[in-house]
Structures are given as structure tokens and as C-alpha cells.
Amino acid sequence: MSANGQPAPLLRLEGINTYYGQMHILQDVNLEVREGELVCLLGGNASGKSTTLKTILGIVEPRTGAVILDGRDVTRDSTAKRIERGLAIVPENRRLFGPMTVLENLELGAYLRPRADLQEDLERVYSIFPLLYERRKQLAGTLSGGEQQMVAMGRALMARPKLLLMDEPSMGLAPVLVERSFEVIQEVHRAGVAMLVVEQNANVSLSIADRGYVLSTGRVVLEGKASELLTHDELRKAYLGR
Amino acid sequence: MDWDKLVQLIVNGLTLGGVYALVALGFSMVYGILKLLNLAHGDVVMVGAFIGWGVLGWLGGAQDPAVAVWLLITLMVLAAMVGCGFIGVAIERFAYRPLRRAPRIAPLISALGVSFFIQNSVLLLFGANFRSYESFDLVDVGIGISWGPLNVWILRVVVFVSALAMMLGLWLLVTRTKLGKAMRATAFDREAAAMMGIDVDRVIVRTFFIGSALAGAAGVLIGLVFGSINHFMGFGYGLKGFTAAVVGGIGSIPGAMLGGLLIGLAEALSVGYIEDVTGRIADLTGGRFPRLGSQFSDLVVFLILIGFMLLRPQGILGKREVKKV
Amino acid sequence: MSEAPSGPRIGVDEWVASAEERRQKTLSARAERAFERVPPAAKLALLAIPFALYPFLVEDPYLMQVGINTLIFVLLALGLNVAVGWVGLLDLGYVAFFGLGAYLYAAVASDYAGRHWDGALAIPAIAVTVAVAGFLLGLPSRRLVGDYLAIVTLFFLQLFLVILINSTFTRGPNGISDIRPLTLLGREITSLDGYYWTALVALVTVVVVLYLVNQSRTGRAWRALREDELAAELMTMPVNRLKLMAFAFGASIAGVAGAIYAPAQGAIFPASFDLILLITVYAMLVLGGAGSLLGATVGAVIISASLEALRDPEDASWLVYIAVVLVLLVLIKPWWRGLAVLGATAALGLLVHEAAERWWPSLVEGTTFGQARIDRLVDGWVLMPADFVTEEGLPAGAAARITYLLFVASVLALTLIRSSLWRTVAFVPVLYLAAVVWQNLMLPQPAVARFILMGALLVALMAYRPQGLFGKARVEIV
């Protein structure tokens, strides 16, 4: 807890400017996620959502600005180093290791965890997703979309993250599964894990989030409490279509 | 039918195939993880052969070795593996890593440069003459496994068995260890692997080390069985290794083994029979087709490669690549 | 709740609006734009004039021969540019097509073959035949990425050489030496000047054809293919046919080069078409900048001239020292730091040399192989250990070999130093070590040393300036 009673930020982006060649993609982006918070990052196509996430993960390096994870500047660190700081991600399109078994995928999620905790972590994940236990010997690439989503979330939880990043959790899923996804997100959030959910689907994500940011052509154009964003005129026009 | 000749050719083919398989493995591993044709791989084989030769000379040479022969050979192989492993790491660090995000063709051209650099450096330092391992002095050709009229030189057996043993070791490493799992994950999706906290650079470096160490071992084994080495030998062995990897299914470890054995056998058999076969064809057709000598055995291997390209481009054990959109 | 102070409205794209502001205003960017405005015909003239003046400036027949070879090299680089630079296919069998062109010429116009075709018939026929051969070779790799093509073409080159060396029909390693001079419409070309002009006319023709092709639908399609094969395919471009066309087209240019090379030399050997030539042509293309006609031409001229100069013991040292100084001044900024490095290296050398003379005299008792004035100059500066190399110029023992390896390792280590100050400081001992290696180990074997330098050049170029001298940098979006 910091001095003013607010929880300390787990993740902070400070004045991030990112370029692809001459193209100025992210323009002075500031963003933070505090302990235990569920924050969503909204934006349409080409708004810079993916680049923001890649900047947090260290796949893209910003030209100026800093990425601070759990109190340490990691701007020049590799992806793996950042994950060590207590980060985990459910990537867009899930990105499972298709030719490996479900169990192997889960074990890879716990890559940085001590071996002794593996069994316990596995049981915890199986208790959230009992189906994964049945499918543990199956190749991940052969599962259905919804099952794959479970593996991806289970894999991320295996790392026992302090901060979980979710990239487009609703993408490519049937509406029922979207609902189930967001239920799990809430469940994990209630267990005390801070989350940053990147979404196009503003309605669903704002309804479960604490705060939100809206990106447009590489800038943060709106930020605030989720409840207030839901009723904001301009946002409703641009994203909610009503 | 001359059965002795056939059996002898098969033995030759298996020895050659074991060596090709080792070369193909290192090549295939690197391809699997970086999707990069390491065109300098053959030259690492050549450097391995020279390191082995250097150790041999340093320990008294084949005529008068300072240590027991089995120990000498082991030391030669180990030295070549370690030396080549570090050369592989250096190649990755300086020639390929700066190009990870460059257009696909850039690292290939860089690889050509590395290959040319290594070849000519060895030429500068050692000259163009062939260097001999004097294997017949090291291990008497009479010592071997006899079975009826058949006699297989023990060194051939040693080479084949050690090639198999190294492949088995690699197989265990990749399927059973944490590093192996990290290697497979990195090969499938590098970014996703990094998202799991896998230090991708370190995995790539280790892959290069292992692959190049296998190439170094192959270099020494080549020197032992075929006797002489020179700065240019890497090209031929590299080419056959690449071909074996492609035929077996590039990126697949058992594929590289199968491909190596297949190419080795094909080459040995065509060395033995191409003269007879083309001679008979020439006789039957009244000289319309040329008679080819054993130097043309590469032609057969090339035709096998082309055949695979046409009929089964993913190789024996490879999976058809699905284009990611 | 707060609203970001400035910035565009949601959904407004300011990227397009500010395009003009982003254009670079540096001198080189302006020069580049000015060059873009020159009409193509004038550019061609600009390119051709230096080549056209060369025969009037040079008397020496050897230099004339070098000029012809350079033109052939330019032709080869331009042909390779089609497959590699425009389409992005790694063609490692390219010089086999050059060899095929040369041997086909020998087959239609030599005393050995007993035929004397006119060049006006032979050259187009060879161009077509070689194109067909390229097409056939490309076929099995048709739906595959460049990687497989690289292996198939490399193997093809190997096989081509095996056949040339072992077949009685091509007279094996001895080659074919009684090739008839080129006859163009009944007129026989016998002088070096004649071949020079023939090659130049061929070059200009090829450049014009390449320019037109590049401007055409096909040329655009090729470039699109290089940038994004999948996107091109989705735009219903016949990707495989386009690739095969590029492959065959490049091959036919190599064939034409071979058909001029054979009569110009009068004799051809398998060894002229090996891996060394392949890598040389790649170095030319990459130095100039793959994808650019001007780049391929300039790259070919620079490499061809350098290789020639490095072969000559009178010139080799000059070229190397001047190149090192130039590279240093460009690489180290600001320029006075570069000068300081040079001064410090000179001082270090004098110091080391002096110390060696006093305490370890055997370190300076070797004799130099160099024949240039500069070699006698540096003799009192660089260490020349006695018995370091044999009389043939090969390293005499482990000490010499270790020195070389140490040098390579130190250059590599130098690139790892992050701090620019320390890197500048580290340049001093590395440069001195480079001078020691050059004077002692490389100068005795210039033919090998130049290939080592070329290999290193390829790697360094790819790492630091993959677009070459004239290419445009490309941005990869991750």
C-alpha cells in the first residue's frame, strides 16, 4: 500500500512512444494497473492495443518512455525477464503449443516455478477446469476452440501471476463461451490477481472491470472508472453503437 | 549377384549414413528453432575434423599415440564437439542474431559469408593440402567383426554405433528434459515461448551449441573412416546433410536420422553399381545413354532429392506445413 | 474521469495528413530525391559514360581484360538481382547458368565441336535454352519457400561441376580451349576492345530491358511478392508462375554473360564456375544493395576492382590501409575521435615495436612479403616475428594460428562493447593486431586473404547495412 492508501501500481507505462520505422504508433501512452485491480484497455482495429501489449511484454521496444513492473524499470529487459516479475499472459488466438500435450502446455506455463510446486499448481488449475484433467494427454492442437481457451487460461494461471494480461479473450469464441470466459476472469480476479484485459468488446469488459482506458490511433483518448466510461457519450457512439 | 560386394556396400552406406545423419540433425535442429538454413553448418563439420586432427597430432599422432587408442579417439571427438559447439554459438551470436527481424534472405546471405570466411580462414592457416588421420595406423584394418567371409573394420562399427548413441542421447534430451521441452516450444512459437518465461535467446544458443557439437563429432568420425580431410570438405558433407534433413523431413529428429541413413545407403550403392547399371543400359540401347563412373553417384542423390520435392516435399516424417494466415 | 488534453478525435487519422512533415530533410535524403527526378534515359547515360570512357583511358591489355571481366560481373550481378533482389528467392545455383551459357557457346562455336554459329543466332538461342533450364530447375521447388530452393539450386551447382569435371564430353578439368571468336553478323571480333564494346552493348541492352520489366505489371507483381507473398496470392497473382519467371529470367541473363565470356576468354574451365564465383556475385549484389540496378552495377565494379587490387602485392596493402582508415572515419563519430584512434594506434605500434627490439628481438626479425612502399614503411612499426610463416607464406606453427584466432575473436568482442567510449578505446589494440595479422599472415597469401575479407564483408553488411550502399532500408512490422 502506498502512502495515500491506494494500492501500489503493479504495472505502469510512462510516456511510451513506439515507432515502426518512421511510423509513430504509440504516442505518449500512460497507463497503470494497481494491485488487485481489473483494468480493461479498449480500442478498435489499429488503435495500438496490440502494440501496447507488445510493449508491456518487451516484444516491441519503445523509443522513449518506461515500462515499470512491480516497482522495477524493465524497459530494456527481455520478455522472459519480465515474466519473472510476476506477469502471465493469455495471448490473442491463445497461441498454444499445438504439437505438445495439454499437460506439457500447462507445465510450460509453470516454466519459472519451482518443480516442487508443480503438482499443487496442476491440481489448482484442474479444479478450475476439470475438463483439462481428462484431456491432459491429448495434443493441444486437436482441442476445440473453447477447450483451447481453457488451456490458455490454465497455462497462464500455472505461473501464479501477480498480474494477468488477457489479449482479446472473446475473440473467435461462441457467445456462450465468451460468457464463460468472463466468468473465469471474474473468478480469478476475485482470488486477488490483478488483470489487464485488452478487448474490442467494450460492453462486456467494462461491465466487470474496475477501470478502463480507451485507445485511438495510438493515444489514450479516455480513461476513468468503468462505470463512468459505460455511460460516456462519445465512447458509446464509437464503440457501443448506440 | 555378388553378395559380398552388396553387404560391403551396405556397411559403407550405413557408416556414411550415420555421419550424414549427425550433420543433418544439427542442421535440422537449427532450422526447427530459427527457420533458418544454416548454410555454414558444413564448414563447422570441417573445423571439427581439423580439431580432431590437431588433437591427434598433439597426442603423438597415429604412429605413436601417447595414450590408449580408445582414449585418444574419445578425446578427439570431445575436443571437436566442445570447440565446434562454441563456434556454433559464435556464429549465432554474430551472424544470425542481429538479423532475427531482417527479411528472410538476409541471414542466408550472412550464412554464405560465414561459410566462405571459415573455409578460407582454414585455408590460410593450414594450406590446401589434404591432411591425413592415418586411420590404418591408428586401428589395424584387420581388427573387426568377422562373420563368414564378411569382415567389418572395427572403426566403421565404432563410427556407426557412436553416431547412433549420439542420436539417442539427443532424442532423450529433446523429449525428456526441461531444456528439450523449451526447445520444442520455442521451435513451435518463439513469441509464445517467451511469454511462458522461457529465455528464448538462451534456448537458441544451446540449440546451436548442441547442433554444432554434433557436427564437430561428425567431422572427426569422417576423418577416422575416410582418412583425409581438407578445408573444402565441409561443402560436400554439408550438402548431403542438408539433403538428408530435407528428405527425412526438416525439423524432425527421427527424420534426420532416417534421411541420413537413406542418403548414405543410396550414395554407397550408387558408387558400387552405377557403372554396371549405366553400362548395361548403354549396351541395351546401343550407346544412346552414356556410361557413368562412380563419380556420378551425386547424380543419384540429387534425383532422390528432386523426387522428394515433387512427390513428398515435407519429407519422410515431416508434417505438411500449414500456412499461418 | 479525465480526458486526454490534446490529440485527435476518435476515429480521425492524422497519419496521412502529416505525411509531408515526416519526409527526411537530411542531405542524403535530398540527394536521393533529386536523383529520383532525373529522367531514366539520363540515368542510363550517367551509368554508361564511365564504362564508355574506360577503353580510351586504358592501354594495358591486362587492364582491358579486367574491364571485360568487370562488365561480365555487372551482367551477372544484374541477373542475380532479378531473383534475389526483386523477388527474394535464394538462388544458389546461379553461376551454373553462367557456366551453362559458356559451355553452350563452346558447343555451338568451337573447333572442338566443329560448329561456328554466328553470335546473332547463338546468343539468343543460348538465352532461351538457359531460361528453359532455369524454369525446369525451379519446377520441383514450385510451391516451396526459398529455403528448399536454396538447397536444390546449391545441389544443382555441385552436380553441374561434377558433370563438367568428370564427363569426357566437356573434356573434364582441362576445359575447352579452342573456342572460336565471337562472330556478329559475319564480322569476327578478335580484339580486346571489340569484346569490351560487345559486353558494354549487352550490358546497356540488359539494363534497358530490366528497367522496362521493372516498370511493367510483372515487375510490380515481383516486388509485391517479395514484400508479402500471402497478400500477393490473395490478390490473385499467380505466385508460382511469377517466381519461375523471375528465376528463369535471371538465369537467361547469366547465360548471355556466359556466351560473351567464353569467346572473350577463348578457353573455359569447370573451376571458373564454382562457389567462389557464386559468393563473389552475391557480395557484389549485396554491397550495392539488392533490388537496385544502380546498386548492383556499382557493387560489381567495387568488388571486381578490389579483388583485382588485392591480388597484386604492389597494391594490396594500400587498398587495405586506405579502406580501414575510411571505414574508421565513417564508423567512429565524431570524426576527430577516429583520428585520435589512428594516432593512438600508431603510437601503440611504435611503443610495442621499440619494446620488442629491446627485450624480445626475435619478435621483429621476420621479413615482410609486402612489396608496396607502405609495407616498407610499416615494417618498423608492426611486429614481424622470425619464423612466423614458412617460405611459402603458410603459418609456421601454433603461435601464428593462435594470433589469427585471437584477432578474429577480438574483432567479434569489439562489436559487443556497448559503451561508445570504451569501444573507441578498444579499437586501438584491435587495429594494431589487425595490422600484425595482415602483414604477417595475410599478405603472403593475398588470394586467400581477399576471400576472407569478402566473407567478413558479407556478414558485416548484413548486420549493419542490409540494404547495401544504394538500397532502401525496409521496416519489418512485428
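Going by the order they are written in, the chains are A, B and C; count residues from 1 in each one.
Just so we're on the same page, a contact is a pair of C-beta atoms (placed from the backbone, for glycine too) under 8 Å apart; a residue touches a chain by one contact, two chains touch by 3 or more.
The structure presented is a predicted model; accordingly, all values stated were derived computationally and were not measured.
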Contact-graph separation of chain B and chain C, given in steps at minimum: 1
Pair of chains with maximal C-beta contact number: B-C
Most widely separated chain from chain C, with each centre as the mean of CA atoms: A
Chain centre separation (chain B, chain C; CA means) in Å: 29
Distance from the mean Cα position of chain B to that of chain A, given in whole angstrom: 44
Distance between the centres, which are taken as Cα means, of chain C and chain A, whole angstrom: 48
Shared-contact residues (touching 2 or more other chains) in chain C: 478
Contacts with 2+ other chains: residues of chain A: 59
Chain A-facing residues of chain B, complex: 178, 181-182, 184-185, 188-189, 191-201
Contacting residues of chain C [partner chain B, same complex]: 84, 88, 90, 92, 140-141, 143-144, 146-148, 150-152, 154-156, 158-159, 162-163, 165-167, 169, 230, 275, 279, 282-283, 286, 290, 392, 394-395, 400-401, 404, 408, 412, 415, 441-442, 445, 448-449, 451-452, 454-459, 462-463, 466, 474, 476, 478
Contacting residues of chain B [partner chain C, same complex]: 31, 35, 37, 39, 90, 93-95, 98-99, 101-110, 112-121, 123-127, 235-236, 239, 242-243, 246, 250, 290, 293, 295-296, 298-299, 301-302, 305-306, 309-310, 313, 323, 325
Interfacial residue positions of chain A with respect to chain B in the complex: 57, 59, 78-81, 83-84, 89, 91, 95-100, 104, 107-109, 111-112, 155, 159
